Amino acid sequence: MAAQLARHAGETGGRALVWNRTREKADAHAREFGSEAAELPEVTGANVIFSCLPTSAEVDEVLTALAGQLRPGTVWVDCTSGRPDAARRQAAGLAASGVAFLDAPVSGGPGGAQAGTLAVMVGGDAAVLERVRGDLAFAGKVVHVGETGSGFAVKAINNTLMAVNMWAAGEGLAALARTGVDLHAALEVINAGSGRSYPTETLIPQRVLTREFPLTFQLGLLAKDAGIAAEVVQGAGASAPVLMQVAALYRAAAHTVGAEADYSAALKLVEQLNGTEIK
Amino acid sequence: MAAQLARHAGETGGRALVWNRTREKADAHAREFGSEAAELPEVTGANVIFSCLPTSAEVDEVLTALAGQLRPGTVWVDCTSGRPDAARRQAAGLAASGVAFLDAPVSGGPGGAQAGTLAVMVGGDAAVLERVRGDLAFAGKVVHVGETGSGFAVKAINNTLMAVNMWAAGEGLAALARTGVDLHAALEVINAGSGRSYPTETLIPQRVLTREFPLTFQLGLLAKDAGIAAEVVQGAGASAPVLMQVAALYRAAAHTVGAEADYSAALKLVEQLNGTEIK
Amino acid sequence: MAAQLARHAGETGGRALVWNRTREKADAHAREFGSEAAELPEVTGANVIFSCLPTSAEVDEVLTALAGQLRPGTVWVDCTSGRPDAARRQAAGLAASGVAFLDAPVSGGPGGAQAGTLAVMVGGDAAVLERVRGDLAFAGKVVHVGETGSGFAVKAINNTLMAVNMWAAGEGLAALARTGVDLHAALEVINAGSGRSYPTETLIPQRVLTREFPLTFQLGLLAKDAGIAAEVVQGAGASAPVLMQVAALYRAAAHTVGAEADYSAALKLVEQLNGTEIK
Amino acid sequence: MAAQLARHAGETGGRALVWNRTREKADAHAREFGSEAAELPEVTGANVIFSCLPTSAEVDEVLTALAGQLRPGTVWVDCTSGRPDAARRQAAGLAASGVAFLDAPVSGGPGGAQAGTLAVMVGGDAAVLERVRGDLAFAGKVVHVGETGSGFAVKAINNTLMAVNMWAAGEGLAALARTGVDLHAALEVINAGSGRSYPTETLIPQRVLTREFPLTFQLGLLAKDAGIAAEVVQGAGASAPVLMQVAALYRAAAHTVGAEADYSAALKLVEQLNGTEIK
C-alpha cells in the first residue's frame, strides 16, 4: 500500500514519508519504492496521514506519541482493521485538534495491495473522503459505508462472513470425508453450485486440501476481527447467533491450533472435532 | 431437464417418454418439446429412467407403483434432492431386479436447467455412470463423488452451505442496518472482498434488498435439505455445530415465515429476530 | 435393577430369571441376589421380560435371537436408552406375535438403581403399563409419558438437557477462571442462585474440580443420547438450535477426549477450547 | 433489601437513610420499615452506601451527582447486576477520593430479599468486605469471588446459565410437545432425573405451563445480563459458543416478545420457532 502511495506521490509531484517502528524497514522501503524514511514527528507535516496497524491499540499508541503535534486540516486515514468504538473515540480526540479521521480498512489481501486494487470501506464524513479520494492510490474500489466507525464495522462483518463460510465448509467437508466422499470432487460441484463462497473457491483448495496452510494472515487476527464483529452486534442491540457462535469457535481455534498459524488452519480444529482430515 | 433429454433423443435417434402425475403436463411437454407423453408402466421400456421429485418419499411411491415391472439392465437416475439412506435402500431394492441406481441430484437452478449447464453430483457405481454419461443431456458438469448416496449427501451439504452463507450474511447485514450503515454499499465491498458468497452476490441483492422474495424454490424444501445434511452429519458420526444450528434456524423459518415462501424469505426471520429490515 | 427384581420376585412368590451375554455374570448374580441364571430361550417363559442394553441395536439382536419363540400375552419392558423409531418398529414387530412392548428407560444412576428409587419414563399402552406396574420393583417413580417411543424421547431430551447444562456451566466457569475468579466460590453462589442445575450441584464439584472424572457413564453413550435427541427434534419437525449445537459438541468431545471417558470429561474439551482448566 | 438494612440498623443502634429518585417511595419506605427518607447528598454521611439499580449506567449517574461529596473511608456496595468493566472504572474513580468499592450483586429473587436469605457474590478487596460483612443484613450467604468486577462477572454468568437452562428446556419440551408427549409428565421425570435445573423445577411449571408469565424480572434485563456475560467471555479471551448463541437468542426474544415481558416469556419465541405451545 505504501509503495502505491509513493508511486502516486511521484506521479503527482508530491512526497511520501514512510515511518515504521523499525527504522530499517522504512529505509528499505525508501530505497525500493522512492518514498522518504521519516521519524514519527515528521509525518505531522503531511496533509494526509495513513496508518495500517495490527489493532486499534497500536493506533492509540501512535496517536499518543503525536499528541499536540498534528496540524489542523490534516486528514488521518486509518486502514487498520480496527474497532468501531475506538474509531469514534479517536475521531473525537482528533477533531479537537482540527484533524479529520476516516476509518478506511481494506480487503483484497497482499495481492490486491500490490496490484493497487484493494477494496476500501470508509466510515466518516463523506466530504472529507472526497478531499482525499484521489490519494487512495492503493484502492481499486472506494465505498463510503456510513459514519465514523462504519468502515471498521463492515470490515469486521466481512471477515466474519468469510470465517463463517470457511468453517461451515470445513464442517461439511469433514462430514463428507467420514462417509468416503472424494473431497476434490465435492468441492468441484459445490463451486459449480450454490454452496460456493470465497473460501470454497480459493482458501480450501489452495491451503487446506494441499495441507500447506501458508501463513499470510494470522488466525489470531481473524479471531480478533470476529470478536470485533461480536462487539458490533452487541453494540447494535442485534441478534446474530451464528456469527456469535463462529466468533467463539475461532477464539477456540486460536487456543488449540495457535494464534500465529495461518487463518486457514482454523479448519484443523474442525478436523480434530471430527476425528478426520480435510484432504 | 426433460426438454434437454427430448432434444438429445431427437438428435441421437432415440425416444424420450415423459410421465407426470398430471397427464396434461406430460401432454403439454410432448407438444412443446417433442417428447412422448406416457403412462407410468410404459417407462419401463426405457434403457434409462430419470426421476426428479420433491423428496425421496415420492420416489418410493413411484418405485412401489413399478414394482416387478422394471427390466434387468435398466439404469435409474434419480435427480431428486433425496436422502442418502433412502438411496442405499432403493439401490439395494432395484439391484434385486437387475436395475442399477444412481443418485444424481443437480445444482444450478431453473436457469441452468434451461441452458443445459446443470452441475450433476453422482453417487453409485462409476461404471454405470459411464454407461449413461452421454444421456445426461441437461448437464454442464458431471462429477462422480462416491458410492450410492454420496450424490445426495453432497447435494444436501451444498444446499446447507448456501443456507449458512445466506443466514450469516443476513445476520451481519441486520446488525449493520441497526448501526446505520448503507447495506447496498456494504454488500458492494463484501462482494469485492473475502466475505462474498453466492447469496451475497445474487440472492440478497436480487431478492432481499428488493423486498421481492420471488418464489423459485420453497423454503420448506431448503429446510428439508438442511435436515438431510443433519442426518448425513449424524450418520457419519461427524460434529458440525454450525450446520446443525443453521438447520434448526431454517426449520424455524419454515414455521414462522411459511414453508411455501421462497427460500430467500428465511431472512425475514432474521429481520424479526433483529427488529429491523434488510433493505 | 435386576437385584431389585429378584428381591421382588422372592417377596411375591415369583421367579426372576437372569440372562447375560456372559454366563458367568448371570451365575454371579444368581448367587448374590437369589435370581436364576438362564439361557436366552428360557426367558420366553416369563410373563414380563426386562431388557437394559447399551443401545437399540443390541435390543434388536436379542429380539432376532428370540424370533418366533415369544408367547402371546408377554410384556416386554425395554429399559435401554433407545431410539424412538426403533421402539415403534420393535413394538410393531412384537405386536404381530401378541407381545406388548413398553419403552421404559430410567434415570437416577447406579445409586438410584441400588436404592430402588429410579425414575421410569414409560411410552406405550397405558393399560399395559398398569398390568406390569407392580413389577417395576426398581422404580421410585413411574410416569407414563405417551405413546410407544415417548419414553425414549423423554430420556434422550432429559440427558441432553443435562448435557447442555453441564457444557454451559463449563463454558461459564472457564471464562471466569480466565479472569481469576475462584471457581469454588463461583459454584457456591451459582448453586445458591438461579444458575444451578444437576451438573453444577453434583457433577462439576465432584468430578471436574477434583480432576477425578471417575467413569460411571461413558461419554460416547451420552453423545449417542444427544444424537437421539437430535433425531427426535428432526423427526418432530421441531427447531432446537441449542440442543443441536450441543449434540454436535458432545460428538466432538467423544472424538477428542475419547468415547470411553466418563461423560464429565466432556468439559476437558471446553478446557482445551479455552486454554484453561476448570479447577 | 432496604427493609432488612433498616431492621439491622434498628437492632444495632445505627441509622438507615433511604434515597429513591421518586421521593414518595423513600417516604413510604421510611413509614413502613423505620428507615429515614433522605435527599441524595445526605447519603454521603453514611459509612456504607448501598446502590441497587437497573444497570451500571444508572450507577454512573448517581456517582456523577455525588462527585466530590463522598467522604474518605466510605464503602460503596453496589448490588446492581452491573458490568465488570464499569466496576473497575467506578472503583478506580472512587479510590481517588478514598472511597472503597465492592461489586456485590445478589441472587435469590424478591422472596430471598424479603426473607433476608439472598446470596451475595462480592468482587473487590477482601479486607473491605470484612469491614462491612456485618452490614449485609439482606444476605443469607456472602461469598468473596475475586477482584473488583468479579462479582458482576459471576452474576452475569449465573443469570446466563439460568437463561441457557431455561431455553434448552423450552426447546426440548417444544419438540416433545410436537410428538404428543404430555409435558407435565415429562417435567415430572426430568425433575426426578439428571435434566433438572432451576427453570425446570420452578419457572417452567409455574410460569410457562400455566401460561401466566407473571412479571417479576424483565426479559430485557436478562438479555442485558447475557450481553454482559458475552462481554466477560470476550474480555477474558474465552470461547463460549453456547453462551454466545443463547445471549443472541435472548436478544432476539426481547425484540420479538418484548423487552418488558417477564423473562420466562422468552419461551414464547421458542414456541414461535417451533409452531407449538409449551403447555
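When the chains are written out, they are named A, B, C and D in that same order, and each has its own residue count from 1.
Definition applied: a residue touches a chain if its C-beta (ideal position, glycine included) is under 8 Å from a C-beta of that chain, and two chains touch if they have at least 3 such contacts.
Here the structure is a predicted model, which means the values were calculated and not measured.
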Under the document's definition of touching, what chains do subunit C and subunit D have as common neighbours? A, B
A-D versus B-D: which has more C-beta pairs touching? A-D
Residue numbers at the subunit B-subunit C contact, same meaning over half shared and different meaning under half, come out as same
Which chain's centre, taken as the mean of its Cα atoms, is farthest from the centre of subunit D? B
For subunit B versus subunit D, what separation do you get between their C-alpha means, in angstrom? 49
Distance in whole angstrom between the CA centres of subunit A and subunit D is 39
Any chance you could list the residues of subunit B touching two or more other chains? 233, 237-241, 245, 249, 252, 255, 273-275
How about subunit D: which of its residues touch subunit A in the complex? 227, 230-231, 233-234, 237-241, 244-245, 247-249, 251-252, 255
Flag every residue of subunit A that touches subunit B in the complex, lowest number first. 84, 107-109, 119-121, 140-141, 143-147, 149-150, 153-154, 157-162, 164-165, 167-169, 171-176, 178-182, 185-186, 188-190, 192-198, 200, 229, 232-233, 235-243, 245-246, 249, 273-276
Where on subunit A does subunit C make contact in their complex? 241, 245, 252, 255-256, 272-275
